[in-house]
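Below is one structure, written out as structure tokens; comments come after it.
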């Protein structure tokens, strides 16, 4: 859902509604998962579902309740240590690669923790003086967008965990809605959308009342050269032709670090593809390339956008296709062009832009200063949004970011090229 | 319990009773653990409880039912892949470091798997022709001893997992029985028990009807020099003095590989000791050295035997104490001496003997050939048995073995020295 | 020296003069080093002196002689395999981390290789038809700039090797020239130079006859916000105050990856600083912080620019100082401002800009396409030039690049800040 | 040569002669190597030639001259730090994996160091009072045997370094002597030599005046079961049949750790074999399997003993051949049997015995206590001696030892089996 933007006249109600909606959605996402599923950590970069549920709760406890509610009593004195993610200013914390060790607290205790904090938040929102409410509203709003980010990560991470399980379990059954979505996928060739270039404004406007992260600010001018951008994402069928053409054996398409990774990790296809002849397919009597996803193992749909791609693979495909990735500014400006489809709700889209601070970037105050700024090195920007992104969470100025080798995100690509 | 040794006259009943007793005990050990606890794998060398429960079941399914019961139907065609441990002859298998990924099959499904196999085993034992019964009995018996080994590992591995959890949960509450056991611990100085040396026989006798593993055979003569061996295990209080005397900072006591490990891993005390001032103690308002165990965090009991020790630490302590570790043969021969206490049911006891094959060693036939022989390199022998060892499982000729850096076992030490 | 830019009227002579000058300078740099010194590789990212001497020769052999001189005979058929660096299009090659294994070919053989190629190049330059000369000139020129880059790396890499030698040998003796240079260092506080911002042009002009790498092109417009930039580099004395203020223990100044590196690598000061009390200083009876450099071990000169800094350290210092690093475009534009000192010939200067392709970037044709483009990910841009850079090699548009953790380069920092 | 065993009547002369002979031989071994060759370290377990030359010198300086010659002046105060190998009691030292960084001191300086120490040793041997001479003689003798061990390592290590060089240089040219030796190799099938078993004495006799290391003592009784041992070593031709029969793809022959190593390291043949079709062979126009050795690359000689084998490979071959490796005691006792050929001067021979202390083992006093004892874990015993072993250095009781994965030694195997 789109988070209702609180208005002065009804801020209290709007905050409560938004809080309830976001918090409920997290539980709904965890619902298909057993306590065992919710506890596993499949790699250092992924977190257990249970940890996501607790960490997002810790955020409200630490940055709203403990700051603004003198009567608030900690649910458990160990939890701040267990569920702080990376905020150095907020004290020591459990090591990230060890999150899967937390079989205790149990799933039940984490749910009780959520109820404890939700109750306190409800009381605070309902009873706070207007000036207190005004003071806490920005952090509460940040907490909701924060929780939405973890909602996507929850799906991303459990999909990774399931991909490591030889049973290849499905997060959810394939239903009519999903089948419908699949048929929405474009079968027609992409069109090239032209942008004339020139000075453009990018980033979130200072005078906007809508929420945006600090990394989207300040809005500023950049000069863009004339370019063309594809009307849709690259599909699995198109990507399969890259593989057939020796894409993973031809260094000329790859960035140097990418090629080194291909060799060291023995990449031969996207991470969740099972190529024809894979022992896991033969054990199930299946033929042809299959793709593992939230719906489990499915025959490759040539019209679906290719997903769980690293930047290295995206850039290599683009080079093979005689094109390139767009910059993040080209993407942002093009998002408003007629014919630009799949702008969000399909896949995050790698750009050729490193995740650098905008000119005049100012991190948030206090502990939230660590939210974005300290990660601005060694990563690249993705734009758009994915099927795992909560509805309404993103916007054209939104900057997602991951290291170039990351291939467990809902990430794909859209081609661009210089205009002649 | 001691496994009832089947007699010809009542073999069928005895096998059934033994089978039921061992299988029930596994479930009892898992009983205090949640589904989450049973799913976690805290390091590649440790396995989840759920995996232990399933793997021991797979052993009977594969080596008894599929061999001897033509009517047996696999519970699940994926399970042989998931729950084979290391038997190359029995097909491909899930990678050992990935066992913690198995959030599916669920705990419930694994219990159903156990029931499925138990039912089939009950039918087979009850109805098999006498010749079939005679043919399968050795493998069934091996399977029971195998499951007993995993019962100890189940406790060992969950203790390691809990040691990595900042909450330091207890596997079981400390009760009167346990307190009683603690007070049984020897406070008096150890006595040196003297053995005159000479030709001795070691290993399991060929004419014995009792069970023994292939690695205990054949019984053979060795020449032992006169020696003395301590009447009891080294205690925590004694070991604490080694630490106070700079034991972990003085290379002269350590094997070269041991000292390299001390430096690289920053060892300062046994793995499960929390030294005075540890942040985890201070967070709980505790002072003085504590030890983590199945009962959770407890103040160091100076009279309790020091446990979870690596061979490196055991050998370094012995060198500091002006003594040495016994050889496995010295230990075996001494186990019958008057005054030799804590022979089993306390801790496995490191010996100075590498785990080499006995002269004339013959592995078991078939897949069971891989049971012991292929591990005979790079490990050292431990003798005795521990508080985690099922009653009756061990005997003086029993050869346990682990690599010298292993420090998550119920392992301690007993001193020896050359007789003058 | 500045490479003489060949003019049409005297291209042949100019090429020959430039070639001789650059090639001679490489030998002069290697002259203080023994054959043993020239063979060592101190880490995978560093190369032996001998390898630098051979690889730069291979470049001319492969891309000029084999392309343009049908009569050219390979010096040794193994050398293309040994001395290709990273050009996938030019065939397989010796693994980079193994370059230190090449005790053969000997130093003498490598020098003979250089003479063989130099003779052939001399003949080719002298005797080539005008059209051939025109065709090969761009690659020859690229080869000379390439060799100049390796001249800097030669010094950088041998300094790293010497830093790992407990004897801490000096590459060269400290002489009057060097002492004079030291006293040139600024003692006065830096001034803030103001730039009004606006649309600026950056990159190498298309119509320039001067040499530039492909990564400096095309020249293009960017919008720069008003900013201030320091008139000089940060000094060792200033950096020492950052350390004294707990700079390496306070995460709030560091990028997240930087802080993780500080902890994992136990960074406490710049890589080549020996802090007061270091055992290597005490072994020599020295007190106070010292810095290791080409002149060996020297007492810290508080007025000298701080060097061999990673991007992480540079950015942390800037945050501590209430400032930031300039972008590469801010740096380039400011290089022409009055009062902007130490623009080159001191240290490369980290910028806050990731090494991304310019809009409309086109790599060179053929094998040289791999020269720059494939490294455009995961690195940051440095501008300026260092005491190790050959004279005349750089220009304000020059883009050097290294990963953010690199701390063996002649790299320092200059502060910037937003203008209010 | 066999070290002349000093007799009371001529101890001074004998010591001087032995000293001169051993020291001269080290220089002779280094003679074919350039300064570059002598500086390289190809892996942490191998040391540079130059380091071997200096370390053996340091041994005499530290344990003889500094102990027994008050007038001795250190050659260089840094050298004890640089050239101590692993003696914790003798102070801190340069890290082992960093020995290849020592381009300084130069080869010339190391040779001067040797002369400095040799001169001082000559003076001390010539002028010491008889009681001083008697006191230092054991350590001097140990130093000579120590240097002989490093003479073998020097060859072992340079062969490894050359094996990593694509030029595959030969340490020495193949000459008539070598060709003669090759033809001495046995072409006939091995014979099984029978030993009746029983109580035997092993180890070095206490009353012997001959030198032996502490790890060969005390001589003691062991009981040996009847067995047979092969009259000669396994040949390359025999080993090639193991490979052809799928030896490296069949886990049933391998120890568990060995099989894991085969998979992880992708072993397909002995380390220095180049199988038919290897790119390095094709680049030289060679066909058929070749073997790299001190004589460079040679066509596989089916009659030569297979070398540079790990224990894992040796044990796997033995299992494939329906035999086993002998224990170290079986080997020692058999060495005196008629028909037992290739006892030394060909290859070290892996045994199935872990390198454990003998009953009553006492390390040497003082710093030499670290010589052997602290390595007695995780290694296996090799017996015999190799073509790289100095003449007269070994004896049947000699215990060499290496970890089971080591495959850069002059190590092969001889089969054994239980007698029926």
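Which chain is which? They are A, B, C and D, in the order written, and residues in each are numbered from 1.
As a working rule, contacts are C-beta pairs under 8 Å (C-beta built on N, C-alpha and C of every residue); 3 or more make two chains touch, one makes a residue touch a chain.
In this text the structure is predicted, and so the values were computed from the model without any measurement.
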Any chain that touches chain D and chain C: none
Most remote chain, CA-based centroid, reference being chain D: A
Chain B-chain D separation of Cα centroids, rounded to whole Å: 38
Mean-CA-position distance for chain C and chain B (Å): 58
Centre distance in Å when chain A and chain B are each reduced to the mean of their C-alpha atoms: 45
Residue numbers of chain C (touch at least two other chains): none
Pairwise chain contacts under the document criterion: A-B, A-C, B-D, C-D
Parts of chain C lying in touch with chain D, wherever the complex brings them together: 34-40, 42, 77-78, 81-82, 92, 94, 98, 100-107, 161, 164-167, 169, 279, 283
Complex interface listing, chain C residues touching chain A: 86, 88-89, 199, 220-225, 251-252, 254-259, 311-312, 315, 327, 352-357, 359-360, 374-378, 380, 404, 418
